[in-house]
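First subunit A sits with subunit B, and in the next complex the same chain sits with subunit C.
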Partner chain A sequence: MKSRIGVYICECGSNISDYVDVEKVKAAVEQEEGVVLAKITMFACADSTQQEIVQDIQEEKLDGMVVASCSPKLHLGTFRSVAERAGLNRYNYVQSNIREQASWAHSDKPAEATEKAIRNVKAAIARTRLSVAMTPSMIPSENTALVVGAGIAGMRVAIDLADTGSKVYLVEKDHFVGGRTAQWGELFPTGQTGTEVIEDLYREVGKRENINLYTGCEVVSKSGSMGNFEVQLRIDPRGIGSGDSTAVPADFEKRLTHAIDACPVVVADSFDFGLTERKALYLNPGGLPGLPAIDRAACTRCGECVKICPEIDLDQKEELLDIKAGSVIIASGFDPYEPKEGEFGYRQIDNVITMQQFRRLIEICGERLTFGGKEIKSIAWIFCVGSRQTGALEGDNKYCARYCCTSAIHSAVVAKKRFGDIQNYHFTRGVRTYGKYETIYEESSSLGDIYLQSFEDDPPVISSENGTTTVKINDILTEEKELEVEPDLVVLVTGMVPRAGSTIGSIMKAPAGLDGFFNEVHPKLKPVETVIDGIFLAGTSQGPKNITETAMSAHSSAIKTHTLISKGEIELEPTMAIVDRTICEWCGKCSEACPFDAIDEVKEDTKSVAVVNEAACKGCGMCLPVCPVNAVQLKGFMDSEIEAMIDAMSE
Partner chain B sequence: MTGQTDKLEYDVVVVGGGIAGQESALNMADSGLKVLLVEKDLSIGGKMIHLSKVFPTLDCGACITTPKVSETARHPNITIATNSEIGDIERLPDGSLRGVLIKHPRYVIEKDCTGGGDCEEACPVIVEDQFQYGMVGRKAAYVPFSIANPRVATIDIENCILCGACERACPADAIDFTQKIEKREVIAKAVIVATGFRLFDPSIIENYGLGRFRNVVTSMQMERQLVPTRPYNNVLRPKDGKVPDNIAYVLCTGSRDITLGNPICSQVCCMYSMKQGQLLLGALPMADVTIYYINIRAFGKGFEEFYQGTRDMGVEFVKAKVGTIEEKEDGDLILRYEDAQEGEVKEAEHDLVVLSVGMLSNPEAPMMFKGGALELDEFGYVRQVDMLSNPASTNIEGVFVAGTASGPMDIPDSIASAGAASAEALSFIKRKA
Partner chain C sequence: MTEEKGKKKISILVFSTEKISDPAIDLAGLLKQHYPPEVDNISVPCSSGIKPVWIMHAFERGFDGVFIAADGTDCPFGETCSEKTAEIVSRTHELMKEKGIDPAKLRMAAICSVCSQAFVKLVKDLADYLDETS
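This part shows the complex of A and B:
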């Protein structure tokens, strides 16, 4: 029983004290049993206050400590380390949340907010009295990372981690690396092509022996926890060799080309977003590794290719590979938004395409820009398709996709410079070329591009009659006059959406936000971490980003991962389930309830009992309420502590 | 540090103790490297430590920044030099970097000062408080601000009259007028430039009247009025102390304006103005807030949703470029603007005008390098030589850039940029080892 407890009530600037009467809280709790000191602080987390608390703990010989402030999600770690610096066990510290739960939630009722804060603090004191010192256990951790996705983000993370001494499994679902960037030509602002950027990264990946790259590879399952994930990978056969494109016979490439020609199966080429077709045996333009692959979903196993190129093996089987990794980095990228049929004329009017299709179109076209056999001299760009769907725009994507304004304007400028004599009309909802990207907006204006803008609830309308497509807008930049353009091509500036059909989120149990992208713990405090310890995010899997921002995010993930796994051991929270073997009459209910497979049946002399695997237990408490004989408890949250909290609250 | 001349050796020198510098230093230190963090100002924390709540989560800035400041200050692998600069940085033939650390005197013995403020009480000299953006005064002997780190006093020698009152008042005998500039040679394997930005000074836009009309304030002055450590403990307009009830924001003040030599967008002003708008509606429930904008740039994660929320809360948005501001006798202000929607010049009256100032590059970044060897871009920011793969790399091998030293950025982007700088620096050091 702790009897020398210090209580600190934080004003959080005015975040708490504006609504909660902190003096009243202090007066109400300073006489509580075991409390020897109660203080009000402006910012409990400030360094000077931390020093004061350390001093108090040492001088007043405190054996328990409560800080009534914000959510423990924000600062539990901060104050635990304050306790430790003063020589107090960190589990004798209890945080009481009077900001999110009292001041912020009840800002309209200050008196009640104060009452609630008092009860919360009293409960925390009651729990502190019964708190027990615990020691975290150390577990060995694999200095190995699994990077899911080999686009620019994934390759970047892999290179960084390899350089800092970790082993890396870099897995790519596709048969070729590079993700979306491999599909783009000239990039803004450097003028490099997407292919060049990917080639550079791929070369760097190849130079590093501690990176194992698997293409055509998906994550099947995951078990274990931070430091010791056990992951099963499934490798889809390429159908040719082992995927290693070095050391091949001289005529091999020529025979492969003939084999592709001989393949009778033709499908839409997703690399060109359906603008072109490809064979079932295929090699993406500039595709790396530079070895064709067989599209097994399309292949009819007719054997024409094998006749020409016997190295092709239609009977290759998929392989399963079990690996261990200390952490996982999700770099699974994005999909371009696919407009619905009829959305701004998409799939109903012939000359309406998406921005991503346009990016491929300018790469496919030779000297002249043509679409559907017609030369393109004027283009209407419809911004925010699939993004900022508010007002009159139907859809669930409320967010701004960040990169599309700059990308669309850059694409328009590239087309104009490459093909000459093209008039661009930009139908925007307010151009968002933030920061230095403003320069491309200026450049396009000076090249004669015309900008029109509509308000949120009044999007442009696209119609087609007798082969002429018309775009109409009530332009707010010209006194809301209705203006009409008859362009040769309409490009829908489609934004980013989360990868469709990706299973990595559910396998890793990484939660997504309202926008469908994976969520970080906190945009400023833990920007690349997920709530699952050891699972990190890189690139556009987290939300729309351009290439520079993706590189920054990937580097950030790499250094955070390095810090976690490179030390060889990881600290485990001692907050774990414990089973009272004298009471337990193995029924298996706790094992069924456990989301982490941490509870097993063990036979003792006379009966079977449940035993908790400490490395796997996350202390979630799911097993507690299902036990019919109340044999399971959670260290740090023992029944006695919880009951004391309830009693204190309901006094 | 005493007047010795023996050289200091670190793995990394981080220049600038704002959010990007701290994040970089912590990343490097957590990876086991020895870091020297050089801060020109009296406290680490940069601009962020002076902010109120931060977008888009509306966490209080201090709640996020002070623990990071504290973590940086007590990390065993980080040495902090405040009130210090580094200069003459150059690459040596062996690939390492050498510079000269210049520590300016505080005239206070840091280790003895308790930050108790007796000197402050005793000092008879009052000058403008730069940390409150000139809205209130401070003494010539002063503790910079309440959440400063280190929380020790300093003597503003420019304004000090050498009366000795502080020396007599200090119970710890920590005042020392004999302190001199100290210079030490520093050797490091890598340098991270995190020197931040400077705020645009709108007093050069004569039509807006900052300085002439006291009820025209900058957004940083408004920011200070909204923080817990605010000067007036309420939002007041400077001229007469009246609580404003009709507040205007003029966006793109000094940004996206070729005539002012800054054609680029500052990336943060739309968002912080909307945030201030939301906070003002909370602090002054009866007040109207109008934002005059060219384009709303709510592009980051959760930003568009924040914009929609701001509109729903009742902040009014007018698409217009404000041309001139005139003052009436009662201190109210008349804004003349071109309403883009209606295509005509209009006037509107407000009782407080906030100029949403943007970012400019910090000219101190290149000056730290011998012969100006660090290359800049056309806007004066540190040039990123491999923007698409290694965005923190500069033209000097081993020198990396973090945060707004490379261009306008918000806090999440600055933190990501610091991640890039530290990862690139760490890889660089490990590859060479």
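This part shows the complex of A and C:
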């Protein structure tokens, strides 16, 4: 029984103390049996506090420790390490979650949240009193990673992991790699095009034999857990060869081009955001692998393409592939925000397009920038469309999409330099070209771009009459003077939203936040980990990022994945079944219940008893409730500990 | 759950699981999806390892209801988890009947790691039931 327990109650800045009266919690628990020290900390996880706890453990000779703070998902490891640094066994530490499960869950009822926090901390103390020192167990892990999405983030993660020696399955739902970046032309600040960046990464992926790239491939199901995920993939047929564009006959490319020309099916080209059309047999501009694919939803199977190019196989079947992976990295990317009909004139006024459409427009125009047959000489840029939706702006997207100020201003500068005499008018809500990207704002200003600004409760108004489009603003930079512009083109600076129709989150059970993007455990301390062990995030699946930030998050995910799977084994909790041989009378029920064949019958002097194979036991506890004489217990979850917690909570 | 003056507040003990339903309960907090604060939580590795004696102990100690936030088909330990957890509930229902406790005061549902809304709804439903029948 532990009798020198230290209790630390964290304010978490004000995340906890805003709703939970931490002084009251301290007063309620400091006289509990075995507690010799109780302290309130502003941030229990801060280095200085960790050092203070180490000092307390050593000076006060603590034999048990409780930290009442955030979810154990975030800091269990942190405080276990603190305990170990002070010479205390990590399993004599218990974390009480009074943030997610008290402060935040009951922020509407602070007094009740405080009472709940007191019950939780008392239960943690009760458990600590009965805790015993233990040693972790290990399980084998596949040194293989599944990377979902082959855009910038996915390919970057795959390359990094492959270089550490891991096997990588890189799967892309589309028939071409590159994600959104493949659609962009010149990028800021390097001047490279999106296509060039993707070509570089694709080339590097191809050099690595331990990367298996599958395009037209989706994750169908997942079972298992960290270290040993079993995943089923579905590969949609490309309809032509195997995707290897290097081993083809000399005239193949020419015949394919003719086959595309012969295809009678025409659909809107999503690569150009509907500005152009393509065939059912198609190859994206600069698309990689450089082999066309068949859009099966659009294809009528008329066979015109096969007549010209017999290598096309309209009867190719989809394939299912079962793989094993130690971890999964979600790099599924983003969608551009699609404005609602009528939002700033979108789909109601002919010359209103989105920024992403504009990015494609400047790539498909020749020497003159035209739209709808008219040459563009002036452009009105409406910022924050679909982002920062507060005030008069309806919508659920409260966040700033970050990259769009820089991207819009850069696009305006590119258009001006490429097509000459263009006047840009920027209708902003404050320009956020943060960090090094401020230089593009300076360049734009020096080139004569005009900046106007409004608040969220008084956004610019776009109207059209007799073929003339007008943008009006009460410009706060000129004392709310009403100004109006008659531009040739209006570009809505649309931000990022989560991928529509993506099933990867529900398959991986990765939680998303209120904004719909996948949630990390902690934005600073565990920025690429999810609460599901072994599942990591990379790139814009997690939230708006520019390409630099996407690459950085991909590097980070690769490192975290490598740390987890590269050793070939993963540390597991030492929770393990133990049998009280004095009361066990072998009946076999525990053995039947065990999914891991970890319990055997062993003959002793006068009877047979159940014995747990420690190497095979995974600590699930399925053997516990089936024992008719309650002879089986689980280390760390003994009857005495559970019942002591219940007693403490019910006081 | 009503909170009439002088009336005992309904208390519920939740048995959750470390890998699957705990993240959902944390997510409910993160998203400020409020549920009755008299809902306490004990986390275990797997819902099919919960002993009927623990549940009965909770009732004996005054908890009005028990909710098992089960792993369901997401259980990292095996495909039989739902079936085994249901068997635990069934056996505990029998023990409850023997003690004259309404079996409806013990409920279970699979709560996946993102099922925060389901968790909040189900504990509220149980709290409402306990409140109506108390």
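Operating definition for what follows: the second predicted complex is superposed on the first by the 463 of 651 C-alpha atoms of A that agree within 3 Å, B and C clash if a C-alpha of one lies under 4 Å from a C-alpha of the other, contacts with A are read in each partner's own complex, and residues count from 1 in each chain.
Methods note: a residue touches a chain if its C-beta (ideal position, glycine included) is under 8 Å from a C-beta of that chain, and two chains touch if they have at least 3 such contacts.
As the structure is a computational prediction, the values presented were derived from the model and not from experiment.
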For A:Ala512, using the defined touch cut-off, is the partner it touches subunit B, subunit C, both, or neither? Pick first, second, both or neither. second
By the touch definition at the top of the document, which applies to A:Glu115: first (subunit B), second (subunit C), both, or neither? second
Looking at A:Glu442, would you say it contacts subunit B, subunit C, both, or neither? Reply first, second, both or neither. first
Contacts for A:Glu341 in the overlay, against subunit B (first) and subunit C (second): which applies, first, second, both or neither? neither
So in the superposed three-chain picture, is A:Asp200 touching just subunit B, just subunit C, both, or none of them (first/second/both/neither)? first
With both complexes overlaid on chain A, does A:Ala46 touch subunit B (first), subunit C (second), both or neither? first
Touch test for A:Thr575: subunit B only (first), subunit C only (second), both, or neither? second
Pick one for A:Ser650: touches subunit B only (first), subunit C only (second), both, or neither. second
Look at the residues of subunit A and decide whether subunit B or subunit C touches more of them. B
Do subunit B and subunit C land on any of the same subunit A residues, and which? 514
Contacting residues of subunit C [partner subunit A, same complex]: 11, 13, 19-20, 22-35, 37-38, 40-42, 44-46, 48-54, 57-58, 61-63, 74, 76-78, 80-81, 84, 88, 91, 112-114, 116
Interfacial residue positions of subunit A with respect to subunit B in the complex: 11-15, 42-43, 45-48, 50, 70, 74-75, 78, 152, 156, 159-160, 163-165, 187, 189-190, 192, 197, 200-201, 387-388, 390, 398-400, 402, 430-439, 442, 476-480, 514-515, 517, 522-525, 527-528, 542-544, 547-549, 551-553, 555-560, 562-563, 566
Per the touch rule, the subunit A residues reaching subunit C in their complex are 71, 73, 97, 99-109, 112-113, 115-116, 119-120, 123, 224-226, 505-506, 509-514, 519, 531-533, 573, 575, 593, 595, 618-625, 630, 634, 637, 639, 642-643, 645-647, 649-650
List of subunit B residues in touch with subunit A within their complex: 27, 30-31, 54, 56-57, 59-60, 62-64, 66-67, 69-70, 73-74, 115, 146-147, 149, 151, 227-229, 256, 263-267, 295-305, 308, 319, 340-343, 377, 379, 381, 384, 387-392, 407-409, 411-413, 415-420, 422-424, 426-427, 430-431
